[in-house]
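We just call them A, B, C, D, E and F in the order they show up, numbering each chain from 1.
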Amino acid sequence: MEFGAALAANLTSPPVLAFALGFLATALGAELKLHEALYDALSVYLLLAIGLKGGVAISVAEPGALLWPALAALAMGTGIPLWCYAVLRRLLRLGAADAGALAAHYGSVSAVTFVAALQFLAARGVPAEGFLPALVALLEVPAIVVAIALARAGGAAGGGGGLREALHEVVFGRSVVLLVGGLAIGVLTGERGFAAVKPLFSDLFLGALVLFLLELGVVASRRRGDLRRAGAPLVAFAVIAPIVHAALAALLGPLVGLSPGGTMVFATLAASASYIAAPAAVRLALPEASPSLYLASSLVVTFPFNLALGLPLYDAFARLAHRLLG
Amino acid sequence: MAIHTVPVQRVTIVAESLLEERLLKDLEAAGARGYTLTAARGAGARGVRSSEWEGGNVRIETLVSDAVAQRLLERLAEAYFPHYAVVAWVETVEVVRGDRYV
Amino acid sequence: MEFGAALAANLTSPPVLAFALGFLATALGAELKLHEALYDALSVYLLLAIGLKGGVAISVAEPGALLWPALAALAMGTGIPLWCYAVLRRLLRLGAADAGALAAHYGSVSAVTFVAALQFLAARGVPAEGFLPALVALLEVPAIVVAIALARAGGAAGGGGGLREALHEVVFGRSVVLLVGGLAIGVLTGERGFAAVKPLFSDLFLGALVLFLLELGVVASRRRGDLRRAGAPLVAFAVIAPIVHAALAALLGPLVGLSPGGTMVFATLAASASYIAAPAAVRLALPEASPSLYLASSLVVTFPFNLALGLPLYDAFARLAHRLLG
Amino acid sequence: MAIHTVPVQRVTIVAESLLEERLLKDLEAAGARGYTLTAARGAGARGVRSSEWEGGNVRIETLVSDAVAQRLLERLAEAYFPHYAVVAWVETVEVVRGDRYV
Amino acid sequence: MEFGAALAANLTSPPVLAFALGFLATALGAELKLHEALYDALSVYLLLAIGLKGGVAISVAEPGALLWPALAALAMGTGIPLWCYAVLRRLLRLGAADAGALAAHYGSVSAVTFVAALQFLAARGVPAEGFLPALVALLEVPAIVVAIALARAGGAAGGGGGLREALHEVVFGRSVVLLVGGLAIGVLTGERGFAAVKPLFSDLFLGALVLFLLELGVVASRRRGDLRRAGAPLVAFAVIAPIVHAALAALLGPLVGLSPGGTMVFATLAASASYIAAPAAVRLALPEASPSLYLASSLVVTFPFNLALGLPLYDAFARLAHRLLG
Amino acid sequence: MAIHTVPVQRVTIVAESLLEERLLKDLEAAGARGYTLTAARGAGARGVRSSEWEGGNVRIETLVSDAVAQRLLERLAEAYFPHYAVVAWVETVEVVRGDRYV
């Protein structure tokens, strides 16, 4: 009952509808792609805003509250690529490069899915820990490194650049730097400093997300042809893996002291697949891996699945876990 | 009194933009003294799509001596052609101030 | 009296002054052109915002209210190109391609002029029907198709692409897709969903319009040299046709049940000339037609005329029509 | 051991950007296996202005065989030159992996 | 004591922290550069917003209040390049072109430093004259012309374009036109007209400044290598000259009737060095001058110095001057 | 029936973008009938950095007769090479509608 209402409300929320508009219009032949500069501006804005708000929240949080959730995040970030890699090689019979590439994507996270989870909660008045953006930063990098190392160990050829270049690409990539930088600014400037920039970085946030999702819908739609190349088993993986990861994270949530809202967000992070940081790093370090496979899975299947159905589902998971373990 | 020009090789490389930094290092290593880069899009054997999400292509032109051109092409053939979307071609052009390129 | 006050207030409104700044600065040799990405971002934003707000309004309107105004819009959208084409061929002795091109522009509409009309009313506290953006979408396409068909029948050579390509260009062009898509999102998400994106899509709207008009002023100014090529008769047409169209639409307004505010907006739509959708379609379908003629008329003459003098004039028309027929 | 290159034709087309989609279809129809496209501005017989409002020009390069180059130019001459702002030129260049273009 | 608190608050303000983030991240090898279109959009926005708000303030100010401050600004704008040129040639033994280039930069002003000064006061609730943006426009141009003329007289070769081209470049350059245009629109539209665009041009202002400073931090960091080429004497000049200019302007402030807040802003303007208008003009008119020298001084040394330490210092100067002369 | 092409000179100029207006005037003065311009970045003898803050480079191509090419290069050598970041090269290309360029 409650799940049904949450699902309906989520499906008619502006971000989900904007994604659908971008997807459908492109499928019908319309040219809706945003200028790359606008895409660029929106992603800088969203990452910095997430970081800033998280930093301000940390500045007023009690120290230490972050410790256990951070360890849980690191555990997920190294565990997910390990089992994904094994499953993809054994069950789906993928080569080392493709299996490693996918493991990197599913172990890392999608900042936009994270934001959608926050909005989902906000629309329902459910509180969540302010420090959650710090988990995004923590989850983004380790999985990519682990997965690339696995693929290399499994025989995938490097791209000439090597693991080090790929590592630099993620650690000093825009998303990590803006998130971490935003967190630092938020901590240092605190609520007083933030008040003056709130009209830009807080009030406009959901509107900017709508524009960004319009663009993601366009990009996903352009790649929808890759689904055939990916094949049914991979599509199944792209739906099942997120659900499994969310369930595990939901169980961890109460154990590391997260609130129901925080647990829902943590589950969504585990379920989400990267489609910005991971593709760039993987392209450099595992050039043999086929971009069609990893982008179709993460962007065409997992992302919309999480956005439309996953959010209410993971919310139900979180509430259930809290009833069981809380 | 006609202005003096000398023939040099112009190597043009089109590649997915993620490779920009790496390619520029290789250019320098091969002995190129400069380059000009423009943002591009394109399609080829690998299809039009793979580059879109990852930021399009770069088109790099560099004026170099014959020997440098040769070294550069060898490097491309070895390090990029197997796995990456990279295309390259060479022409002879006439430059003013030719001493700057060789 | 009232007209004089409205005119004065309109001439000192930020959007009109921004257009004037762009125009004058460019005429004096300054380089004020915005980056094409900003132009792009502003047009996506404005169209989506118009659509969204219209959709939300429709979601709370009584069904059926839209029917008669929609029919009136379709009548104007097919009637205007017919008489314009005849007048331009007979009286102004233009060739089939040029006459068809101009007919397409004057039958179609300018979304920015529409927005300016809404702001004109809002500044005076005059209400207008929320569904009016739907009329913009309805008016944008038909005139272009009718006018191109007329020109083809009149002997204009196609551009190789044919009518079908031009039709696709307008129907799946950005402005129609964003307007209609925005309307759909607005209807589906309703007032509740819209509240969260209001700071971006509603509060910033007029400011964005100011930036957009600065750019239009620059573009119009750069084309001011084309006026000479257009010649006095065409300049006269570009002033008289809007007034005639607005007068007709103002008479239709009360008959189809529009409020005085709605009538004023409908009259402005009829008076406005397209300078985005129509030029692209016409360039593809009627390549013989001279862009200098149709852009000079619609952008250098009709647009500023409507913006500065037309708005208060059409407002007076609408109020008069309601006194006569209301 | 010098790297192996083969001569192919490079056709460069500059056109108003509205024609992009149509031109790319013609390229494919003529047998081109790929292209590289950059955004451009320009001026010519039709003046600097006509293209501004409508979104500038595109500059399309394609590496093709002699026969394809010929077909492409014929198509341009027939379908675009009469009414549109289109300019095209051809050069011979040396490419690596020449089998990909012919 | 009060200076210490102001300094601490300033160092943890979002704009200063954003600059630091851009600088540090770039120094560590991250790629944070904004898309040039976003940079472009932000600068158009900031300049127009400054102008608009200034114009609205002038529209309600008593006429005549601007006269003496304007004369003081002109005196500074012509005086600074004269003594800078002399000092740079005699003491630092620079050539005519380099000395003239630097004199142009230090005589002209930085709009972003100006904005930071306004925000510094606003955060402390200190009022300042609304017409101050007009001084920015007045100060931007004269110094550049004087300095270029000095260098030419001193033997620097022209770039073919001559003084006239450089003059056109600054007078009709974006920053002057947008500032002056914004002022004119603000004066004409007044408080009533401005109200409707306030959400964009006023509420978002500080947030936009944060993004702009992030970018300036990146650019300054990329140029930090030029510091070595500039050498210790020039670095010393880039710190001492601003302090001297601020001190002089602070003494002038009370004499021409400026409030303590207005005096602080005037001192900051005098201290600031141009890094947009001056470089472009100087590159055209004095091509022999080394961009490394003038950009390293103004952007890598003077700008961050003013932003971090200068603002509280010049505030102390202004309050002292008012105690002495007020 | 092969399409008719004629050889013309293609001059390519890469320069810091601040010089755009001035260069286009010089092109016209030298007799060029048109040009195509793309935004570019680059590095050379003057380093990669000097152009960044001032807005990058422009890459200008113009199809001209031999005489115009010669005049243009002379003008560049005299007015720009001493102090500005400007590079230029020339090639012979085959154009359709050759009468438009000479």
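The criterion applied here is as follows: a contact is a pair of C-beta atoms (placed from the backbone, for glycine too) under 8 Å apart; a residue touches a chain by one contact, two chains touch by 3 or more.
Computed from a predicted structure; not experimentally measured.
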Contact distance in steps, from chain B to chain C: 2
Taking each chain's C-alpha mean as its centre, the one farthest from chain B: C
Chain centre separation (chain B, chain D; CA means) in Å: 19
Chain A and chain D: spacing of chain centres that average the CA atoms, whole Å: 41
Distance from the mean Cα position of chain F to that of chain A, given in whole angstrom: 47
Chain A-chain B separation of Cα centroids, rounded to whole Å: 36
For chain C, residues contacting two or more additional chains: 35-38, 41, 199, 204
Where chain F touches two or more other chains, by residue: 38-39, 91
Contact pairs between chains, per stated definition: A-B, A-C, A-E, B-D, B-F, C-D, C-E, D-F, E-F
Chain F-facing residues of chain E, complex: 36, 157, 159-161, 165, 219, 222-223, 225-226, 275, 279-280, 283-284, 287-288, 291-292, 295, 299
Touching residues (chain side chain D, partner chain B) in the complex: 2-3, 5, 8, 10, 24, 33-39, 63, 91-97, 100
Interface residues, chain D side, partner chain C - complex: 16, 18, 22, 49-50, 52-56, 79-80, 82-84
Complex contacts: residues of chain B adjacent to chain D: 12, 14, 38-45, 57, 59, 70, 73-74, 76-77, 81, 87-91
Of chain E, residues touching chain A in the complex: 12-14, 17-18, 21, 25, 28-32, 34-38, 41, 119, 123, 199, 203-204, 206-208, 210-211, 214
